[in-house]
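These notes open a run of structures that come right after.
Shared between the two complexes below is chain A, which pairs with chain B and chain C, respectively.
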Partner chain A sequence: MNATPALSPAHVSQRGALLLGLSGLTKRFGAFTALSAVDIAFHAGEIHCLLGENGAGKSTLCNLVFGVHAPDAGTMTLHGAPYRPAGPRDALTAGIAMVHQHFSLVEDMSVVDNLMLGRVRGVLDRRGWAARLDALGTRYGLELAPFARVGDLSIGERQRVEIVKCLMREPRLLILDEPTAVLLPDEIASLLAVCRRVAAEGAAVILVTHKLAEIREAADRATVLRQGQVVATSDAPSTEINRLVKAMIRRDLEGLDATTAATLGLEDESAVAAPAVHARPDGPDILQIDGVSLRDSDGALRLDALTLTLRAGEIVGLAGVEGNGQSELGLLLAGLDTPTGGRLVMDGQDLTGRTPSDFTAAGIGIVPEDRHRVGAIADMNVAENMFLNRTRAFTRFGLLQRRAMHDAGAELMRRFDVRATGPDARFGGLSGGNQQKAVLARELTAPGLRFLLAAQPTRGLDVGAVEAVYGLIREASARGIAVLLISSELDEVLAVAHRVAVIYRGRIVGERPSRPDQREAIGAMMAGHA
Partner chain B sequence: MNARTLVSPGLAIPVLAAVAACLAGTLLVLALGFSLGDALSSFVDGTIGSHYALAVSLNRSVVYALVGLGFILANRAGLTNVGGEGQIAMGGMVAAAVALHHGVAALPFGLAFLLPLSAATLAGAAWGGLAGVLKARVGTNEVISTLLLSFIAVWLVYGSVQSVALLRQPMTSGATLPESLPVPDATQLPLLTGDAASPVTIGLPLAVVLAIGMAILLTRSRFGFQLRAVGLNPVAATRAGFAFASTVVVAMAIAGAFGGLAGGVMLLGEQFSLKAGFSSGYGYDGLVVGLLARGSVTGVVAAALLFGFLRSGGISMEMGAGVPTALVMVMQGLIVVAVAGAAFWLDRRGSRS
Partner chain C sequence: MTMELFAVFLGSSIRLAMPLLLAAVGELVSERAGVLNMSLEGMMLAGAFGGAVGSWATGSPTLGLFIGVLTALPVAALQAFLTNTLRANQIVTGIGLNILVLGSTTLAYREIFGARSREAIPGFPVWSPPLLGDIPIFGEAVFRQIWLVYAAIVIVVAIALILRCTAIGITLKAAGEDPRTLERAGLSVIRVRYGVILFTGLLAALAGTFLSIGDIHTFTEGMTNGAGYLAIAAVIFGNWGVGRTVLACFVFGSATALQFQLPAMGLDVPNALLIMMPYLLAFLAVAGVVGRQTAPRALASPYWG
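Now for the complex of A and B:
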């Protein structure tokens, strides 16, 4: 299973010429080895998928190729010549372009202005650039309004701007770092089509992903990284998905939780049972979001008379493309913002306009979408974060009982399998999965919990942690707690929720039972075709 | 434990930086043609040369320490209180007004000085709290508001000693200075030794007790935890139930209270009468003490002592050896830059490994 085929000449010449070769590439950050002796060959005219969990070294590899970091050992060759970029500028000159996970666009400028940034001098030829944009759009099927303000574009369109920015340089190698995480199902399909066209014109494409459906659809080759090493390669990835997954998560699929398997995109595999069909539980209403509206300081309506009722023990999935009001709803449910219209009613108690402590006291637990800003304090330790909202329980005569807090923290860490050097470890130093488990530990052990908001709870987590998070959410539901799962991953919503509500432009535009056969209908509603 | 860890670099490097800055200052004294021997001996005379010099230096350090303690408390909550000067001015002015109030000097059980001292503390708290309210209510940056409030306070002091109807002493001739009457003996801070040749006031033990209290408050108490949470991440702290607005107001009020107390100590322990500009930069120096301390009470004490003795020595060098004050200020600045630079360097090294 750990066999790494050596790069044989036969391996090299199948589709196109060897474009970029990595040999023995190693990168260390302090004591941590992010990449260790990696050999990969990227060929012209191919889409090469890089697979791996978070922290496997995918991004480090891209950053080495793009010149962001310099390798500690090993060599790269481009067209057979040594390639040693001193920075991204060298990489661009060599014909390597990269679309990062985080966009670098100026929101207040138009598409064309963003394309011209840093590439023009003197008099600006906006018309000429718009024409170039149109030509590229026709060539690759990437339509963009040249003079639209980037801030007004959807996430998918912004990504298109980033891709066009790269394509304008006519790259010989295009790197896309997890480009599909933020896209609608339709948008993913068209992105993959763009990749295929780029490859068909003779360039190489490196597609970093952890979604198997994309590999099945687009990959010509795949390399799986785990802990900085190549653990599997495939010249026909679409036919060997299971082998690749096994290598990626290093375990057999028989033991894999059905929900997790569905979320990963494994389907119709004998090893994986279908997710259980979810029946909506028959409990009393717990939380009523009653015609809630929110106008932001610019006067834009972020939530538009949104109504949703959750029953005890029910998991409601809120599907939608990011930026349609999910974040605002999350802040309202945390008590951090006040609706400009409508009411939030918990167990018959109107909480509109109350403080976050009142929300917690009423039994509302929050796993926020922005763990670093809302969920925890990175520079405090694990125990302090686990009892952030319960410090009073550890206070005697105004003094904090650190010992007691430490011990209680250790106990919670055991119960929720939070792995860290101890309760005194700095929270910010934990892996994403352990951070999320610690936040869940805090919210799920709050006395009198009746409702849990889990907003994008598995974003950036590896498979083991994802499974743990689903397990905790399901346990909570079994305890009679109502759960609102906000997620932009439709697979996740379908696998975990009892029913699915779709949010579009601040409104619930429809509800569907959580069944795989509803996928297309839900996808259409997410795109606003309701 | 090996020899390398015996002296932690966290302590040794700022100290070495301070020593290096002092050496650089010495070279400057030489370069400008002053006699190094004269300069050094006047420096020693002015700091530890006599009981009197020692006492005066310690009293100065007390003022710096109080302002610095307030600064690090507000800083724990992510707030930068640059208004020490104004808080001192308000404290001093109110202390003078209360001490000069008819009947206060006759109060028993030390109330004669405790009452004006408490009033000074409250005045400082109000002045600092005002900046806190502005921040909590309308989001005014506290750096701006405390700085501007300082100007107001300093000019309020100026105005209050211009008019006999306010605090100016009765006009007996055209030569009557625009300052208040001296406060009555009973309202002055008692001396530790009871001997005017060694005038260390009870401000010193008070500052020590407050420093210990502050250390406990910041590291052990729930309130200290709250300050830290709000300072590190206001949103997450709010979500966890710590109210941002009240934390900010209380933190700024406490910081201001320390400044006001420092003003009271200056007026009742050293100056005895209110003059225009009596705060003379102590608030700004106290701010630097707070910054140098980098959040630690021990750091405040060390920096306050350094500044207290430097200022005394500087004044003495000017009087004894003719070294201009400007040069002393340059030395002070060199020390600040060296120590702060060393701290920055230590931080960077720490975050890289």
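Now for the complex of A and C:
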């Protein structure tokens, strides 16, 4: 990555030629309007950042440009000519390449095979493509082993394959839909350098993000979307961060929770205070994860003698790149999987090998990382989901007391600020934030709760909901509940936790106090440079 | 076992494995692309029926083969339409088609042949390659086969090479592992899947005609008798690889051949037990006893785009 010349946005003085113009672009999914009459111009040689909260319409816009969806109204022009892609093939032919939010790589194929997919006919020239990959890798600083199986690569390397796949097409427009969400800090820096390089070579880059640091570093221009509409644009985004954030979350920054501000990447701004540093509380040990190991069915070691002790009232942040054993640890702590070595001890009681209901009875609450699949049942209503673990409390003579459950549900919804039409509303119809608050309401009101696992609790939530979730986690900690916060967002861990443990390849490779000045040390540990 | 008996056993194993092999390798191509054709049995039966009728009516087994293929392709096309365009459940669709084909071939067979059901149908002549056919003991028993056997071997080798070394190979793999990625690479998952199902129909038809005009020169009602299911089991047994699938077909073929061999060798094994053998092996394979099975990830799930 060192070969790339530093081209800061300030050096790009004049506006390139108009490449892609969107005019009145509208897309509806059923009754939901994802994009509403959007006008944006993308210019050659520029990095144009699309900013917005989840559900603001950023991904929909990208998918329209890439031909995945067709617009319901409005037009697009490419190089001045009408552009109406019927599918990704048309977009690719027109010189548009896209890195999707979720990888589009076939895991069980090699890197070169993935690069050749859809590009070649007849007999495969694997050596020739490996050579092309090498040449491109040297040019952009994106080295990759051509014959490695993609499924064996790290997340950062897979992202590199995605980028190389796009660059091999020598696109005139490169779209990156939240490409940095899963990357380590130094991987993000290299990715932004590649973007600048691509733009400097005359292509247009659309970078979708909600991280302000990236905009500050890379954007030549920015457009803010909210609820499917353009609410702000900027020709000098690096100097107007606060205005853009205000437009994105539609509120003033002064009242913003310090933690939330830090998570957004606003810590340098004068408008917000630095997050408070909390001292580690002096409670008794609640949960001991004692040398726990887990082998999966392939025989791979997912957790490797992981040891961690949590005190009452303590929030421990577990930082790490996704896929280093966090999900497996979550399953073990929920009692959904049994460790192949080590012990889980809760309040002196050995829970190893016990059932999930034993775990719940011992005072363990779980906010799972996949709330759609494990945390709740989308087709049942809110009250039913809130009392799934306590139906017996609402049962008399074997019959479920629906009225009582309805009322208790309404009460919990009020206490935890779950916004829905009522306790009878279908859970799946709630917004992500309200779903998460409902799950938290269930777990935090469980009788005898001593420990809470919150796995990626704010993923996919907008700013207001993030603040609410942080508030609930802090409240729990103040009640003396030990909290393990698993998150791949380092800013979030630093802002919320009392101390940070770093997980790498199934082991705790280090612990640090939760202070912003530890950021680099923790980032290095996350990358395995302990 | 004497050499002569062994040679006969080998020859009949090959002959019994061939229809399985054609069908299984055809099914393998579909499954690599994410399609599970439960209708393989029905496609084979349609091919067997078409082949028999065609050969009987024209007097030429080669024309019969073509007619067999033409009879099976509509079944494949129907499977493709229902599961790709209408996105119906692949397994339910397949079983429904099997019942449909069993019923319609039985009806048509009775209508066409009626009382003449014992009538001989012209079948493929046997042939042996020069030199190989002259090997003592084995030459006659092993290599004297109909040309379809040799064609099948060529087809299997060609498919193995195509899957490994060509753009078609990675396209099929992507359609079966991660169809969305294939679509984003600018290719059509639906088109690929139509293609593979029709190809499976073609090979299943060859397998069916092998049964009716290659092996025993007659058609009987429901004569595939589970061979299609056995071919699907061979793909599972073969862990979705060409080499292991071929091996599985020969194991199943040999197990069937043993039915005829063991009595000849004077061993008293209950016949029902022997008939059960290939199915028992298949069952063990499906149950995952023979190593871990890694199916294509998108196998049997319709593509919604």
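Quick note on the criterion: the second predicted complex is superposed on the first by the 516 of 530 C-alpha atoms of A that agree within 3 Å, B and C clash if a C-alpha of one lies under 4 Å from a C-alpha of the other, contacts with A are read in each partner's own complex, and residues count from 1 in each chain.
Convention: a contact is a pair of C-beta atoms (placed from the backbone, for glycine too) under 8 Å apart; a residue touches a chain by one contact, two chains touch by 3 or more.
Keep in mind the model is a prediction, meaning the values are calculated, not measured.
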Quick check on the superposed pair: does A:L92 touch chain B, chain C, both, or neither? Answer first, second, both or neither. second
Where does A:S104 make contact in the superposed view: on chain B (first), on chain C (second), on both, or on neither? second
Could you tell me if A:G348 is touching chain B, chain C, both of them or neither one (first, second, both, neither)? neither
Once the shared chain is lined up, is A:G299 touching chain B (first), chain C (second), both, or neither of them? neither
Once the structures are superposed on A, label A:L117 by its partner contacts, choosing first (chain B), second (chain C), both or neither. second
Name the contact category of A:P82: first (chain B only), second (chain C only), both, or neither. neither
Would you check which partner chain A:A334 touches, where first means chain B only, second means chain C only, and both and neither mean what they say? first
Touched partner set for A:N389, first chain B, second chain C, both or neither: first
Does any part of chain A touch chain B in one structure and chain C in the other, and if so which residues? none
Chain B residues within the chain A interface of the complex: 216, 220-226, 228-229, 232-233, 235-241, 243, 353
In the complex, go through chain A and note every residue touching chain B. 30, 334-336, 355-357, 360, 366, 368, 373-380, 384, 388-389, 391-392, 394-395, 398-400, 402
Residues of chain C touching chain A in their complex? 165-167, 169-171, 173-174, 177-178, 180-188, 292, 297
Enumerate the contact residues on chain A facing chain C in the complex. 68, 87-89, 92-93, 98, 100, 104-109, 113, 116-124, 297
